[in-house]
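In what follows, a single structure is set out as structure tokens and then discussed.
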């Protein structure tokens, strides 16, 4: 007998059978779906079209890595202490994907979805402009930042953003979230007199919402891409360690007593 | 001036440019490579062929999910306490990918690679048989288990295993690691008189090694697939919680004092 | 030369000397301070009085364990998969200390501190009553829960709460945060017509604020206690496993296909 | 009805009662036991004597912090990205407590316990000498390092070590593990011709084993101390951030293209 509340649609295994997403894993998924396609299927319960798949992959690779970020450094320092438990280093790297880095992808998706409300996909530019102005004003009145805008390194333009818009256009998937985000950036600049470009995380969140990833799942979805980047950093760290020498340098500069030599 | 030791090949970002794997991220990766392809490129520093890509994806989807595993349950229980920090729940799920679950993929890849030594890819079956017998005997003499064999649920055959071999054959990528693993299973059965099937993690590790993932990176690589499964579990947990009711049931059964009603 | 911004007061080490909290670790801390006292010193930069130390320990032991909670179960399930990396299991258990469990200690401390503002320690009951009513009304107007009240298991009274108040009274440390929390519980009951007892986490947060732990550090401070509980769960799990049998039971009940027998 | 296998001795909660370590939490633990004492009780199932308590606290404070270690840096970098989820930063810091840092405390305890076997507490120095020589020889023959010896910063002497021995002597708790570790250091120096001092983690592991912490629990036990240090680092990071400026410096030095200015 089944406990209904204890059931999961994601997957199940029996002695001679593994079912994932309601499909037979070996026969219907292995050799047929890419990891990106399976992730989309698991979260939306439908298969991605080729165009959607291209956007999904573009988003995931755009967030996979960004160099020696705090997230990559946390993973590498964890590896310094526990090289035998690689999963712990990957986990440490993911743990920093919060409100400051990567998390904004999900925050942007949710902000845009709430602002759009029940509006249809073919909402026109004039209405988006009004929606954007109201949403920006509401954030400013509440003393909150507008998500999806600004980046500490890419101050003029985040190079990932125009590329994501271009791809969405090519695939006929430039939907209301991406369009609203552009209007939000304009409205914010008008209201503040200051240019804040759409950042890569924000554009990623809007693009995922436009291809059907539920806004509440965006923050989780982007972690799949980041895991790939972290695994690569750790493979490199095993060959060319940064954690140990960087630690010793920091320790010495922090100490400042002259006793180190 | 650059500090050589502080350099990473994985990625870097400047005000107007993001480089990943030595390529311009927006122009050369976004819209061109899938996440799986980027992960392979980052770890091996070369692009996957279509056949390799198919094996890579087959491995990643085969390990993405397996139902309400300890890993999925740890992620869901973490979500019960901290639904606002989804990255922490994903991390908790990954942390259990150690010596018992998922970790065996990497352990198997390393065990097979060490046993093969410098043998060429076209090593013949007779020699593999000898290699397998020696490797199994060495493990048994040291009182250690042979990695990649046996599964608590799939006792006769792990349904992922024959499918992975089939796909590798189709793509002309049935290499020495997958072939040796088959010989190892036979040698183990002969030595112990007991049938232990090749498990899905073991076959996955061998298949990754055959397409060029360095054995030391296999344990990290498979985490990319698992992240996708965990993200899906958490999306479902948000809609249909298992953590909270399962906790309350466990607490009540554990208490056993009858005071709960 | 020292980099000022790279300096930490917490600790430093040199070839022949380790300094923690500005003191010589072996001579001035080891054998003299308990862990609780050191934690307090590190966070407040002054030593605890005997009364403060008693409250600190009472809070930490009160939050160390609560049975087979989601946090303990996440730690145990992680151990099932990775018994060789105990730190990963402890970390998995801590990751669930968010907005639902344990986190409310810090949320309560911050809520009370904000409501108190610059009021002196000897603020009188009448004024606390007014502060409480306003704070409760503001939360309700914003559609937010009042932190520190209510518990899914201890519906009438959380047994830790009266004990913490009693100890604070005994030590002359029943300060404005604990007193305000009592007024908040009353004001909430009056406003809603529903009894929600002060929960143990809320009382803990108020007590820590009263002995001088900065409200922003309370959420971190209580994790020290929880780590002790998790370490004990994992020592027990190594002897009497719950993770593996509970997983197999869940898997079977979730499957529901009848194929398991 | 109780499920026996689902029972835990650690703790349980009912509507009006919380039991920890078989005792009523509010009446018998809060206000009576320190966190250190509760941790010991939970793991050994007996209360510590005053002398044992002093050693336990000396060990925990000795391992709480060591400056800007890889562990502290991982915690701080995680905070940079996710300041709203402090538990994730603490967890990230703990994740590096593996085979290189902190883990050696447990490895040393287990190595010494195995070498001692069933020998009585009053084993004499001559026998310890023989045991040490054999244990060191066995490690060297297997190509493994002897745990508990050597430190990258404290090359001559780890200042925590003589202090722990002194305290153990003062309390009459200088037992066979601490004594054997001294013999091991001598035997290693004789065998290799090279001085490797007993490190603080090794001495800590031996001291914990001597006061009755099961060697298998030592690796978990020391995490309680480290949590205190990490919480303090994060409180400081909130006031004086190191993560963000260190990241930007690393990024610039790593880039090396001259485009950063």
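Order of writing sets the labels: A, B, C and D. Residues in every chain begin at 1.
The definition used in the following text is that contacts are C-beta pairs under 8 Å (C-beta built on N, C-alpha and C of every residue); 3 or more make two chains touch, one makes a residue touch a chain.
Keep in mind the model is a prediction, meaning the values are calculated, not measured.
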If you tally contacting C-beta pairs, which pair wins, B-D or C-D?
C-D
Rounded Å distance, chain A centre to chain D centre (Cα mean)
36
Length of the line joining the C-alpha centres of chain B and chain D, rounded to whole Å
31
Measuring centre to centre with CA averages, how many angstrom lie between chain C and chain D?
22
Touching two or more other chains in chain D are residues 6, 8, 12-17, 67-68, 82, 84-85, 87-88, 91-92, 95-98, 102-103, 153, 246, 250-251, 254-255
Chain adjacency by touch: line, ring, star, complete or other shape?
complete
For the chain A and chain B complex, residues of the former touching the latter:
5-6, 8-18, 20, 25-27, 29-31, 33-36, 38-39, 42-43, 53-54, 57-58, 60-62, 64-68, 72, 85-88, 90-92, 94-98, 102-103, 106, 153-157, 159-160, 162-164, 167, 170, 200, 214, 216-217, 219-221, 223-225, 227-236, 238, 240, 242, 245-246
In the complex, chain D touches chain B at residues 1-3, 6-8, 12-17, 82, 84-85, 87-88, 91, 95, 250-251, 253-257, 259-260
Mind pulling up the chain C residues that touch chain B in the complex?
67-71, 73-75, 77-85, 88-89, 91-92, 95-103, 152-153, 243-244, 246-248, 250-251, 254-255
